[in-house]
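As structure tokens, here come the structures.
Next, two complexes with chain A in common: one pairs it with chain B, the other with chain C.
Up next, the complex of A and B:
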């Protein structure tokens, strides 16, 4: 690599974006194209693409093709196949490269078949042999790597496994020209009606990233007392978390549970309020840099790991802490 | 053919099914095993001292295949304990002589057995529990596995996978002591009609690493007496493995009368006895677990064959409580069931009449030979330690004869005595987290994991009873008999108390299903793969 100049057909990279923001995996495919060599164009399809197009133009490629159409605002396989088939037929690249994303899996096989070609999916590398391109493709769950040499005329459609190329290896610095490529899409011919995108497992909080955590245990006694701990968390700029019984009772959502059946955290500051310190909880937080424990029971195991321990009633201690922090 | 449960009985059945054609000819059958633990053997816990006779019958070349059965018993000791003293038995009674037996880790043996079974061509599906039996009319035709990916309110999560129906010509139920499928089968067909009620015990065990020189590998110690009162069945054990590994355990009959009794506390008190404390001093507890065991013996075994299904192992109750052994009988029953099942399938007749050949094999083989002479022993212990010991001695001479045979017995939970209002006196024990531990800390060392966001697998039919009747009558014994701190009575918002079930602590011992005085706790399998993760136990 790179390949001899005689074997350098024009390469078209299909970028991926959602709501105008570029999927960074696109850069991996750009990097692949740069290694394979040849004049490179990047096609970006959608609506409201100005920002993403500018970002792509920083790549060391010849051209960024902007395929704007209101019908492409939300992804549909029918819309994208219609648009990209027109682009490919007009530009006549020898090679079309895709990042192997869920979206690519959804439409690229049909697009290739629309062009009368096959898709060589999920490749992990490319190499030159006898003046031609050979693609590397894992088989049998990665036990073998097959070498696939596309035969006949282009365009050959290839998708690359995510992580197969390094995004930061994509050469920048070219001021690529941006060109709008008009397409005609019959909106009525699009059979899919996408709904609002939604996230199924919504992770409201990532405690593993929190620098400070205030955690409550059974000592808090009832859900109605949680605002007390919330106030301390606010004063400290901390996230609120809990031991298992609190989340099990539904007083706080389960993604705020610390311990062996919840999250493992290592914040700079961990304040344990009314937590006895069962080993199941300790394994989830003993990596914290500074541990402050408030508990009525001086024999509670939490004091064995605490850097600062306050033996006392949290209903007296916490308001005092909040007051002191407010000063 | 389907085997439900990958313990010694189930795996012996599967191995026999898969290899029987080598001796009797014909085509090998298609055999699958379902096992609820994530990895084979992870829910296996026993003392354990193994009588290798059944393993030799199943696999004559077990030694050259590298079975993890390598520590012969070198000495047997029995002590009667008082609070501070130990009184050695002058002679070791013949049933407790372990010459020729081995000290083993059952979960390692089962893991190895699972490898042999898979190598013999059996499909072993670990992480799948049998949730219910499938019937056509009154014929068992297979098993439905549990749904996965259901949240605690019973809603389907994103990763929901419905259970699958696995149909089989013969289903071998090896679901262990108080097996959830066996329980429903016995109830449906009244398979225990005319039999004695099964009586159980719970065994609690810790694996320790102790400084060298404490006990030679292969030493076996059994104790009676302290901390149990004379009228209560149970005792302690210490089995020495190489490299300072020591199994320490306590077995308590689940037919005790005092609702304040806590088997876990009794175990802690046992460890504080000088005999045990001296052996453990300076050592470290590395694993914990608990499991119920069927003690009722021959007269408590239900009918084990119905149309399309057989019951084997602890699920059936094949355990010799006088020898404190059941692994070999479990394996024998698995083999007998396999032979009967294979012939039935080849004759294209899996009816109960045909499968009754299993009962005939049990009657004519090593199981009856061993269990029948000691058929009344456990029942005799219901009268206390002394009558139990006297009868045990007598039965060695008489072959188990007694004036009333079977000697009458009662289900253990019916013996629980009511307390006159409020809390029974529960003996506390100091917890130093070196020698003695609280339940929650112990549970951590069982490696138990369950997805928190799933329905409770402990079904309590009426939790009102907990805060009203049970509180008054027995002081909520579930908070004590459970060795894993699953059950708690906590203050309710509306005043009074309510039952809190910490199902994710459950070590699958089945004690609650057995001992609950109102019989309203139903243990059903949690999402497959959940449960303890025993290692070296």
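Up next, the complex of A and C:
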């Protein structure tokens, strides 16, 4: 529902691209801006942006601002902060919206700080209240949602969690004007020297093809208990996977990690054992057709996405499941 | 190498957090607290750098009197001394206020490296370190999974940054610099009895937070999230629940 017009300052969406191709999460942020309402511009920074700019111009927004500079060819926080600070100071939006990607995490807090503001990070929604904007953001590992009211002068800077808005909800059909916004960047002042992104040694297991997955989290307590989960996986004909802390501790190899920094899977069946359901885990598995969670905490966020749940001690439930499957 | 490590004290993971009477924070008066997880990895990385290059590891924590507990723990694990910016309001403050508190503590010390965790388990801003870098005028790199053993000898470090979906990238930057450390960068060590004894004699400087900046936002309410899906809970003793779940997965979900 669009908000009343009194609450509609100009909105600037910061698009994300890599090597000239648009990161599709940008559309989620465009969708957020359209719900919040107000005249919307989208800024795209980098080098070699013609294709991505044309793609963005299909959005139902007023303008696409193209911020081209050879110094922005490779992303660096120093370069992007310098460029976007100039754009924001010139355009004077009331609200600046970002998709909460790793890149945004890397520079947007410092960009906001340079403008004398504080980024309101990782929000999952926005509503109008008393003529102002209230943002929703998860706290305490997703156990609660906080309603947060920006204080002080704009521009208010906000980032939205990936998946919080639907990319396909972004209205298209406008033929937005494209405008080049010149910036001055001193390439010698960029302090970070990035190298080419790479993947670690080839993944030994490809969990994306697995039909069934049994995933363990910190609820498993110790490496010595892993055979319990392994047994359930065997009974189900499933692959074994894990949340990040299990791989961080070296109990299972990294290529069995599910989530934003691991693999994204969509099996027929996903069984989460002692996993709390942090957003970074959920993004990797919420596309599973049937999700089962076993957790001793009935309020664990994993139950927000689970189709079936058992609230209980996995050390009692898992052996019982193995026995039931054997019958 | 003179290294600062910023450590936040957070409510223990297993603590059943409940919303308090103000409906804008949690009831944590009788909670148990622990070191924020990525901060423990940042501390370990700081200790390893010191072992390699010599120097000093200084722990910085901003918060109420109770944060003395994580400061002691960090000293017991091997940090040399600590700075505690003490104020009750810091427990619930926004990232801009906390970054300013930390900046006030480390600004005069001229550290070669400032390490923070990537994100806190309670507020989960994931931005205090990056704001701190900006306020201190330091170059920064985030989500670091490795610090190369040898710099280039000319005041530079090379660090491995985690990207999404299993990708990484090496970045070189000049020191002094600020890095935000990701969990899993190393294997943690725990305090020894000797470390705990030694910690008692280590210096903790407590400084007040004289002029906090205005809050950038206010938490107007805290509530339990609305569910996306209707979970079907299977109750009963483990055996009965397991049998019923298997039946549902077979007959209803057709997932077996």
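Criterion: the second predicted complex is superposed on the first by the 199 of 327 C-alpha atoms of A that agree within 3 Å, B and C clash if a C-alpha of one lies under 4 Å from a C-alpha of the other, contacts with A are read in each partner's own complex, and residues count from 1 in each chain.
Note that in this section a contact is a pair of C-beta atoms (placed from the backbone, for glycine too) under 8 Å apart; a residue touches a chain by one contact, two chains touch by 3 or more.
Fair warning: this is a prediction, and the values are worked out from it, not measured in the lab.
*Asks:* Which of the two partners, first being chain B and second being chain C, lies in contact with A:98: first, second, both, or neither?
*Replies:* Neither partner.
*Asks:* Which partner does A:222 reach: the first (chain B), the second (chain C), both, or neither?
*Replies:* first
*Asks:* After lining up the shared chain so the two structures overlap, which partner does A:262 touch, if you call chain B first and chain C second: first, second, both or neither?
*Replies:* Both chain B and chain C are touched by A:262.
*Asks:* I want to verify the contact counts: of chain B and chain C, which reaches more residues of chain A?
*Replies:* If we count touched residues of chain A for both partners, the winner is C.
*Asks:* Have a look at where A:248 lands relative to chain B and chain C in the superposition and call it first, second, both or neither.
*Replies:* After superposition on chain A, A:248 lies in contact with both partners, chain B and chain C.
*Asks:* In the overlay, answer first, second, both or neither for which of chain B and chain C A:27 touches.
*Replies:* Neither partner.
*Asks:* Check whether A:301 is in contact with chain B, with chain C, with both or with neither, and answer first, second, both or neither.
*Replies:* So A:301 meets both chain B and chain C here.
*Asks:* A:165 contacts which: chain B (first), chain C (second), both, neither?
*Replies:* Neither: A:165 stays clear of chain B and chain C.
*Asks:* Have a look at where A:192 lands relative to chain B and chain C in the superposition and call it first, second, both or neither.
*Replies:* second
*Asks:* Please write out, lowest number first, the residues of chain A touched by both chain B and chain C across the two complexes.
*Replies:* 200, 244-245, 247-249, 254, 260-262, 301
*Asks:* Note which residues of chain A are touching chain C in the complex, please.
*Replies:* 77-78, 81, 101-102, 105-110, 112-114, 117-122, 129, 134-135, 138-152, 191-200, 203, 212, 218, 236, 244-245, 247-250, 254-255, 260-264, 268-269, 289-290, 292-293, 297, 299, 301, 303-313, 316-317, 319-321, 323-325, 327
*Asks:* Using the touch rule from the top, collect the residues of chain C that touch chain A in their complex.
*Replies:* So the residues of chain C touching chain A come out as 11, 13, 16-17, 19, 24, 26, 37, 94-96, 99, 121-127, 130-131, 133-135, 139-143, 161-174, 183-184, 187, 214-225, 227-229, 231-235, 238-239, 241-243, 245-246, 248-249, 253, 255-256.
*Asks:* Show which residues of chain B lie in contact with chain A when the two form their complex.
*Replies:* Contact set of chain B toward chain A: 158, 433, 440-441, 443-444, 449-450, 452-453, 493, 500, 502, 504.
*Asks:* Mind pulling up the chain A residues that touch chain B in the complex?
*Replies:* Against chain B, chain A makes touches at 200-201, 222, 244-245, 247-249, 254, 257, 260-262, 278-280, 283, 301.
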